[in-house]
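Listed next: structures, encoded as structure tokens.
Next, two complexes with chain A in common: one pairs it with chain B, the other with chain C.
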Partner chain A sequence: MRATPYLMSLPALVLFAGVVIVPLAMTMLLSFHDWGQYKGIEPVFILKNWQEVLGDSYFHEMFWRTFRIAFFVTLLAAVFGAPEAYILNKMKSPWRGIFLLVILGPLLISVVARTLGWALLFGGNSGLANKALMNMGLISAPLPFMFTETGVIVALAHVLMPYMVLAVWASLQRLDPQIENAAVALGAGPFTVVRRIVLPQVMPGILSGAVIVFALAASAFATPSIIGGRRLKVASTLAYDEFLNTLNWPLGAAVAVLLLFALVAIVWGANRLVERRYAQVFG
Partner chain B sequence: MSRNGPLALAYHTLFVSFMLAPILVVCIMAFTPEGYLSFPTDRWSLRWFYAIAQYPEFISAFWRSIWLGALSSAIAVAVSVPAALAIARYRFPGREAMTALFMSPLMIPHVVLGIAFLRFFTQIGIGGTFVGLVLAHIVIVLPFALRLTLASAIGLDRAIEHAAVSLGASEWIVLKRITLPLVLPGLASGWALAFINSFDEVTMTVFIAAPGTETLPVRMFLYIQDNIDPLVTSVSACVIAITVVALVVLDRAYGLERLLVGRGATHGR
Partner chain C sequence: MAFLELEKLSKAFGTHIAVDGLTLGVEKGEFVSLLGPSGCGKTTTLQMIAGFVEPTSGAIRLAGKDLVATKPAKRGLGIVFQSYALFPHMTVTENVGFGLEMQGVSASERTTRVGETLELVGLAAFAGRFPRQLSGGQQQRVALARALVIRPQILLLDEPLSNLDAKLREGMQIELRQIQRTVGTTTILVTHDQAEAMALSDRIVVMNHGKAEQIGPPHEAYEKPATAFVANFLGKTNLVNGTTVRPERISFATSGVSGALAGTVRTRIFQGNHWLYQVETASGLVTVIRQNTGDNMPGEGATVHLAWAP
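On to the complex of A and B.
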């Protein structure tokens, strides 16, 4: 029966058509509606919200901040997560399994609880994070973390780090250890092995991890909201404000739709780049 | 393959401390005997855990989160099983597009989904209701349920089903006695992963939950927005404790690595 697979998928298809596609289409439509303090939402078709979001310097600055934060979070995750995945991969059982659980486990712990932890560590100029950094001799004066971009970047890097470790870990599993052994046998030092043998082969893993981390960082909500406070706005916290405080839904919808399109474009572009560059690795 | 050197192990220690620090600090500060946020030094106290009982909104939000997670994950699994079998066994036009559609909640920012649900539910008159929460949560946890049911549907040995048919079993009997029991482990772990994701979800839910239908993470988030005190710290410590227990059970039962990396990525575990 040719209709069988469609019939089997019917419940899920109906659900997704009704509860994903229709609401998303309605949100796009909403971004073209008019809104006033007293008249509320007016179902007309105007470009006012889009002109405001695309033309106003306030929104430019906010989107620029959103993607700047996402970029630095991705950089931190790649620079610190990739070596950790490599070290983890060299560990022997049972340590390997234990530390994999320790590092990937936080992924499933509530984002609110993890961010609260950073708020407690940052708290004020005498926060624990500053004390630890000063004791290690890395800084001489306390850094402001709370309500700053630095704080948001550090906390988000922690929240999203497991995704990077996971992606690099997965690509390390496909690596043939014999190639490394061959390089060592031919006289390569550990640094050369990493640079010439391991890194080129796990690069697709790092890049796919980077795409995930970037997309999640740019659309993160709870962490920038708690650590960044009310003034340090990113796209998602601004959309939340428009929806639940100002009640200007059409403008909030325009911000959200623009975020969605920007992310889809970036993720799609990055994936194309990765696939073209590493076609031989994937093939 | 060479072993990790001392430098690598030092790096590893720092990395693990970084990953654990914010989680441990919440768990330790929850035991403070003081009325303000502080590190318990000489005295530990359970007063802030007892204090949770005085705040019924946390308790009711907790039970709402449990029911919401259990119900939406169960429905997501129930809807995923036939879809997963269809995707695993048939080659049909639109198969790839359909799979991408079902996986799309992973790629669409939860803020955007929250806004879309808020607009849609308000329009059709179920804004701020539990029904709305369930519908929204089914959608966002379905990718997790589908991924694991799909993995077990693909790994299923069809020869067993053919054998049952050749011995005279009807289609219904094959489904009930052969297919479903064989995909059951994938189904159970898919439900568990879906449940955890529903239980933790805050970004989307904060848009569609009304004062009477707040989930635990939403209640915690809104509380933290007003002020951070030892009470919310002890609530968070409880959430962390519950998740860690669930994690260890899941790891023992299914393997966390397999659960998160997905099928085919790791061999020979």
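On to the complex of A and C.
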């Protein structure tokens, strides 16, 4: 029976449609409805929300900040995560297993708990790290961390680092174990080996890790809302506020849908680029 | 004084002794094979020469100079790895040219030398391809070209043919030998394949448990094995009344020849160019190999008399 595979995957398809496609379509529809302070949501078809989101400089700033934060988080994760994975890969057992656990362990802890940890360390005058640095006389005023973009970037990079390490680690596993020896035997120094031999081969891993980290950073909610708060809004905290504080659901829906589309476009474009660039070499 | 000298070379990994006091001299231009089963220490020896593994004790000297103190990147040795270890993100030309680039050879000279070497291994037409686009045999040649182009003092081959199928392997053996003769590079081959070692080498070093059991020309090691291990490792042997006899040295005699051993054919296997016999005798089961000359051969169950020159 030709239809059998389709019939067998029907339950999963129904579930997927029920919990993903339908709510998304409803959110999309919601973004075209009207809303007023006293009349509430009116099920009409208007472009008001989209004109506002796409035309107002307030929203431009919000989205620009979201993607700027996501970009720097990705950069930080790559700069620290890729060497971390390389060093991890060089370790011998049992250290390799222990440090892999150390790196991946935070994934087991709630993002909220981890972010609050940063807040405890750098939150104003009473933050532990700030207090210690001031007592040692290294700084005179507490390091600005809460409600700053830098704070959000640092905390998000920490939260999302394991994804980058895992992606690079996976591509390092595919490396020929003798490849570095081959380059060394031909006269390459340790730095040249990394730059000319290892890095080009793990580049697809770094890029796929970057896509994951970027997408998660741009859509992150908990960390920006704890560190950034109301003063430093990003797209996801903005949508949340529109939904639950202003109660302007249609506008919040427009923000959420725009964030989704922008992310899909960026991730899809990045994937296309990686595939085109590396298909010939690595297959 | 030999060109490459290993003197009482030893390597221990914890309590396991991988190489145990190996002494070997290799002359300039010589082709020497380290032969033995897996875990006999042959690969560790090669890695110590290459500099990837540090000896526990003993010395390695190249042209009278201490090699152990030299960094692997400065040893100037050409190595062909079992997996080839080609750089997948570089074309054939870039792979072969990498060593010259590291030596700071000018771009124009690099082009000439890479071209010459690719010509030598018969890959001039594939210069622009990536390793993934080549067959196993072609990748093997790229690895060889990459090792030879830097004009190494010594060429180290680590099981270079073991990933090729049987037919291709034989062809590559002949080619490898010809290329080595042409360029005259001192070569050390590590292999577990006794046929390969015997076909290629001027001398073989049969290794077992980290020690050299015998060092000598292939013919000598085969005909006059120093130990039972060497005899067994280099080919099939029979132990008849305390003497070892190679199966191809035993012939079927007509009955009555003095000293002939009577027996009954248990199995007879046809292998194209020869017949393989198992003969039941009073002194146990004897393996006999006879050339296929087209004559009638005794069948299973036949009574035969075995004779051989002492």
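A few remarks follow.
In this text, the second predicted complex is superposed on the first by the 264 of 283 C-alpha atoms of A that agree within 3 Å, B and C clash if a C-alpha of one lies under 4 Å from a C-alpha of the other, contacts with A are read in each partner's own complex, and residues count from 1 in each chain.
Here is the rule we use: a residue touches a chain if its C-beta (ideal position, glycine included) is under 8 Å from a C-beta of that chain, and two chains touch if they have at least 3 such contacts.
Everything quoted here is computed from the prediction, not taken from an experiment.
Once chain A of one complex is fitted onto chain A of the other, the partner contacts of A:P144 are absent, as it touches neither chain B nor chain C. In the superposition on chain A, contact is made by A:N181 with both chain B and chain C.
In the superposed pair of complexes, A:L30 makes contact with chain B only, with no contact to chain C. Legend: residue contacts after superposition of the two complexes on their common chain; A:P43 is shown touching neither chain B nor chain C. Look at A:Q201: by the touch rule set out above, it reaches chain C but stays clear of chain B.
Contacts of A:V20 after superposition on the shared chain: chain B is touched, whereas chain C is not.
In the superposition on chain A, A:G189 makes contact with chain C only, not with chain B.
Applying the stated contact rule after C-alpha superposition, one finds that A:L120 touches chain B and leaves chain C untouched. Between chain B and chain C, B contacts the larger number of chain A residues. In the superposition on chain A, chain A positions 177, 181, 184 are in contact with chain B in one complex as well as with chain C in the other.
Every residue of chain C that touches chain A in the complex is listed here, in rising order: 50-52, 72-79, 81-83, 85-89, 98-99, 102-103, 130, 132, 146, 150. Only residues 1-5, 8-9, 11-12, 15-16, 18-26, 29, 37, 39, 78-80, 82-83, 85-87, 89-90, 92, 95, 98, 101-102, 104-105, 107-113, 115-120, 123, 135-136, 138-139, 142, 146, 196-197, 199-200, 202-203, 206-207, 217, 220-221, 224-225, 228, 232-233, 236, 239-240, 243-244, 246-248, 251, 256-257, 260-261, 265-267 of chain B touch chain A when the two sit together in their complex. Across the complex, chain C is touched by residues 176-179, 181-189, 192, 196-197, 200-201, 280-283 of chain A.
Here chain A touches chain B in the complex through residues 2, 4-6, 8-9, 11-13, 15-16, 19-20, 22-24, 26-27, 30, 80, 83-84, 87-88, 90-91, 97, 99-121, 123, 128, 155, 158, 161, 166, 169-170, 173, 177, 180-181, 184, 190, 193, 215, 218-222, 225-226, 235-236, 239-240, 243-244, 249, 252-253, 256-257, 259-260, 263-264, 267, going by the rule given at the top.
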